[in-house]
Structure formats: C-alpha cells, structure tokens
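Here you go, one structure.
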C-alpha cells in the first residue's frame, strides 16, 4: 500500500514540482507571483489539442508549437503588462496576474466551450503489475518527462550564457546590471522560461485529469508546493512538489477522496501560517 | 508634556552572524538633546529601530522614566510617548500634508465607528479640534501653505519637516530623529537646528538625534555618543568628542567630516 | 457641487425607477444593489487598507447560506437572521485578519484563495447543511404576514441597504479609522510609529469586509431565491475584485459603478454574451495597468484636468 501511495504521489508531485519551479523561477528574479500560471497550463494543453484536432499536426509538432506559443505568451506578458507595472504596489501586480489568468480561462471557455476535451496520453494508460505494485505507463512517462525537464533546467541555469545571466540576476540584480546584463531582458527570459515549465506541466497533467477551461485551478497546488519549498529555492520547489503529491495521495487513501483537496488546501494554509519560509527557504528581512 | 529620561542598557542585536549592535549603553537626561553619531553602518538606525520596537534586541533593555519599553510592540511604545522620524522618510505619500499630521494625531482622537458613521456631534467636535491642531503643527514647521499638497509632491526638506510635524502630533516626550539633516542644504540644516532648540524649550522634549556627520549635531547637542562597528566608541560633550583621538581616527578612516 | 447634484440625481432615479421601469429592470438594479454591498467589503480591505483577499465569495456564501438556513432550519425571520449572520461573519473576518500578522502580500493572497476553495468544497460536501452540489432554495422574505417575492418589493429592501453601505464607506473614509486604514496601505512601519495598532486595524478591515460580504450575500440570496455552490468559488472572488477595481477602490461610489457595469453590460451584449467573462477579465487588466483607480478615478482625473 505504502509503495503504491508513493508511486501515485510522485506522479502527481512531479507535475506540481514543475509548476512550482515555474513560480519560483519567476519570483526569484522578478518578485512577481503569477496567479495566472495555472491557466497558462490549461492554455498550452489546449494548444496541443487545437494543433492536433484542427490543424492535423502530429503530436510532437503540436507539443513544440504549444511550448513556443507559451514562451511567446510569457514574454508578451512581461513586455505588455509587467514592465509598465514594475513600480506598482504588489497588490496591483497580483490583480494583474489574476486578470491575465481570468482572460485566458474565459477566452478558452468562450472559444473552446466549457466541456472537457480528450488529450492523448504519452504512453498507454493501461496498468501492469510488478510485484505488489500496479504501474501505469502513462504516469511513469509523466515522471520521466518531468525529471528530464528539471535536469534540463538545471543544466541551462548552470552551463549556458542564457542561464548564467538569470543566476546573476537572482544573486544580485544591481551587480548584474553593472556588469552589463540587461535586467529587463532577463525578466523577459524568466517569463518565457516559467511559461514553458507551466506548459510542460499542463500537457503532462491534462490527460490524467480532464482538460477543461477550469483545469488551471491545479495551479494552486503548484503554488502550495513552491511555498513548502520556501519559494526561493529551486530544489526546494521540486521537493515541495513531491511531498505535496505524496501527502495528498495519502490523504485520499486514508481519509477520503472527497476530503483530499480540502486537506491539501488546509495543509497549504497551515504551512503558510506556521512555516512561512517553507522547509528549505531562507529568511528575508526589510530594511527601514 | 514633560520630558522623559531614556536609559539604554547594554543593548545588542545580531542579524544572523552579523552583530549590528553590541552591548551599547546610553543615558539620555530629561530635556536634553543627545546625539548619536558614527560612520555609515555603525548601527545608528538599528539603535532607533530597537528603541521604537521595530526590532527585538538580542540582549539588553530600554527604559523610559523607569518603564520598560523592550518587548512592547511599536504602537505601544508610541503610546508611551516615543515618536520618531525615518532616515529615508516614511510619509503617507498619497495623502495631503494635513492628513499625514491628522494620522499622527490618531490616538488622541476619541471617537469610534458609531460616531464616525452616524456623524454624531462628538465626531464633528473632535475633528474640528484635530484640524486646528494639525494647522498649528504645520505652521510650527513652516508648512502651513502646503497643507493640502500630497506628501509625495513635497520637496525633500519639506518632507523632513512634515515628518517632524507628524511625530510631534503623536504627543511625544521623547523624540528620535534619524538623520534629519541628510540631503538638506546648509540653510535648511540651520533652520532645522533652530526648530530643534525651540522644541526643547517650548515643548520640553527630550531629543535623541542621529547623524553621520557632526556638523549639525555639534551646534545643538549637550552630549554626543559615537558609535563605530556597533560599539560605543566615545561619549561626552561636543568638545570632548571632537578632541577624542579614537573618534578622529574612526572618522578619518570613514571620511574626514569632523569639522 | 457637481458631485452633490449627481448624488441627488442618482437617489432620485433610484426612488423613481420602480414607478415606470419594467420589473426585469427593477430586478437588475436590485442585483446591482446587492452586488455593490458585497463589493463594498472589498473596497475597504483592498482599496482603503491595501490588503489582498481572494475570499470575499466565501463570506458572501456565509451570509447567503446562513440567511437561508437560519430561516429554513431555525425558523428565524430574515430581518434577524441576515444581520445576525453578518455580525458572525464579521467575527470570523476579524480572526481571519489576525492571520495577517504572520502572512502578508502574495502569501495572504494564496491563503485566502485556499480558504475560498475549501469553503466551496465544504458547500458541496456538507450536503445536510448546504444542499450539496444541487444547491439550496432560499425561504422568501416575510414582513409581518406579507411574503415579499416581487422584484419591486425586494428592491425596496435592497436599495436602502446599498445606499446606507455607500454612506458608510464615505463616512468611514473621512474619519480617523479611514485615515488609519489609508496609513496602513502606505506604510505599516510609519503607522505603528505614530501609535496605530496595525494588527487590530487590519483585522478590523477584514471584519468590516466580511460583514458586508455576508450582508450582500444574504441580500443576493433573497433576490435570486436559489443558491448554487458554483456561485461561491475563487472565480467569484476574483470577479468581485474585478468589480471593485473597475468601479474604483478609493471611492465610496466605486462598488455601485463597478456593479452597474458588471450587471448591465451582459444585458446589452445580446449574442456576444458568452464573451462577457473574457471582456471583464481584459477590462480588469486594462484598468489595473492604465487606471488603477478605476472608473471613479477616471472621473476625478477628468475633473482635475478640466
């Protein structure tokens, strides 16, 4: 039983971890928390469906198209909305990102209808058994892709010029500007990067749950994972995601499926109250 | 209003591994003007934030006329008669100068939700009195003509004076001024000195003045404490401090601005 | 002077409306009235105090379901139940505000969002109390032996409540309490330094916000006569924020202006109605970027410019 919970938990957790990474990648560099990131997940899954069903594109092309559209959308948000608001109070930024999310969701509802769309699985959804464990190839694929994307992210941040500029801005924005890194340019990259992470998460999770305009609510889970991880640590976001996935699955098994979401939201509130720095985060203080 | 004696007793705080203030003791006599100076990073603003309850000290204790302030939240410390200004001005920028002062008067206005929303006679009486008092304080700092200007639209010198008026509105016995002369022109700084002297004479306040240069504080302070790297380096009358070789050395290291 | 004339004209129009307008228009205006009461709570907490709350729909649900069930299960008349449940909501709101001691900014936004999600799930799962996913009929408002069900009768109850709410916002914003709220919005550090108990005032703002959320929710319940948990989720909270922001969060008339836009615009859009929610989200975005003070702010800017 425990093994089964772990496996299911890690599947859900891998998706949460990707979204959480999106939140943290963006927040660390720009101080912005993007409340519409969950809806960007939905959008990217719809782009795959649209490309496949309406344009007849093969799956791989549809996914690439979706990632490209997401990245462009992220950069457009940075240019069109966040840059004019960069000196605005946090409250205004939160409302702006809520509005972006709302526009995406309602735009999809108006154009694609409120009903769920089928999204192809990466691998077969038919379970097979291995020892006492029941494994689902589709879920394993989710974990595999998530792992690959995460490793890719760390490689990019560590070893490419593109990534090193981001890390420089994370560490010290003023210093980065002095050595000639364009901070607005990095912000645009961060928006693009976070959007791509959300897109991957959206495409992975859509076949497992149902793809409807309201799928973006799952973004809250990614948010919770980011908070568990301290909101400023990339490994923390991954660990937070996996932990949340396991906790939620366990709650579903031992308490009740109906209470599963309630418990995970309540955990989130408790964590915000009792562990505002998360499990891995560092303290921040304001100077007067 | 009667002036209060401030006693700072081996006050210390560390942020992570950094000791920002290390066992500093200062006695401020009632109705005196006491200055704390030191180079940037000496721990002066930290001291103000500790006295006003913004930070909790790691060691030591602050008392005002024998009453312990340490451990009280900032608004309780304000109620005990401690008001302050801020190094980088913390005005309510979107509000008019008058409203800024009215907010300073907040705790003296005795009416509640019912009187506000039903507009009981008490509301009008208290508000009229408050407006009058606000006008008085604004003219005390020479801002009577700017009463309806947004605080954010005032010039820096005016903003500092408005902060002073707001702090006075709190009805302090002890006033802490965090670098009140920073960014002021020479003439403005002199005006400030005369205002400070008047405050002490007319309102009988105790003043604790923070600055990183000696120019302003020399003329008005009775005693000066010099901080360096979070420790007390010297203390005495302006003349004693000026002649202290350690002080000269510290300032020569940090920039020769002793005169 | 112009403002005063406008107010007189507005009051006159509200009084005169039921005498000549068809009943579905009366219903719509009553809907504007009840929505504006819910939104007034947000105007206090988001506009005046500058805090984030994505849980206003939960307080509306508290008032709506509370009013309905106090009448249906306890037999309490609405004129006791509605104010009673609103006061209870204020108490909950105050406790809720105490959370802001530990949580601020986007964490507060998230915590309130999670709370809103929990409340909606509870509405669905606590079937014995809430009627579950199918919803709940609301017992009609009774005054003496008379049962008020016609739009015009509910209009006569709701509109005075809305007018009193606007007066309350105005009176609050020009009192020491309103000034303390504004002070918090701009600098908590400076507020505390002048002796304002920051936590108490934040909690008080949340309490007022919850009170109006619940009261408006109760009025909404009386007007629509049927409650559906789908109406009280995060999306509804965000919609209420949009109404507040588009109307103008610093003006007592903001909630009325915003509610009027949100209630009337879909009525005039006809076949384009399904794009309405999209249009509102885009409007919110445009206002936040271009005129964070909302429509009311545009008006005063226009006046200053003339």
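Letters A, B and C mark the chains in the order given here, with residues in each chain numbered from 1 onward.
By definition in this document, a contact is a pair of C-beta atoms (placed from the backbone, for glycine too) under 8 Å apart; a residue touches a chain by one contact, two chains touch by 3 or more.
These figures come from a predicted structure and were not determined experimentally.
In terms of Cα centroid distance from the overall Cα mean, chain C ranks first. Ranking all chains by how far their C-alpha centres lie from the centre of chain B, first place goes to A. Chain centres here are Cα averages; for chain B and chain C they lie 41 Å apart.
Mean C-alpha position of chain A lies 47 Å from that of chain B.
A straight line joining the Cα centres of chain A and chain C is 32 Å long.
Shown for chain C are the residues in touch with two or more other chains, namely 189. Residues of chain A in contact with at least two other chains: 288. Of all residues in chain B, those touching 2 or more other chains are 54, 86, 90, listed in ascending order. Against chain C, in their complex, chain B makes its touches with residues 52-54, 73-75, 78-79, 83-84, 86, 90-95, 99, 102-104, 106-107, 109, 111, 113, 116-119, 123, 127, 130, 166-167, 169-170. Residues 33, 35, 81, 84-85, 88-92, 94-96, 98-100, 102-103, 105-107, 109-110, 214, 217, 220, 223-224, 227, 258-259, 261-262, 265-266, 268-269, 272-273, 276, 288 of chain A touch chain C in their complex. On the side of chain C, the complex with chain A involves touching residues 46, 50-52, 54, 99, 102-103, 105-107, 109-111, 113-115, 117-118, 121-122, 125, 189, 234-235, 238, 241-242, 245, 274-275, 277-278, 280-282, 284-285, 288-289, 292.
Against chain B, in their complex, chain C makes its touches with residues 167-168, 171-172, 175-180, 182-183, 186-187, 189-198.
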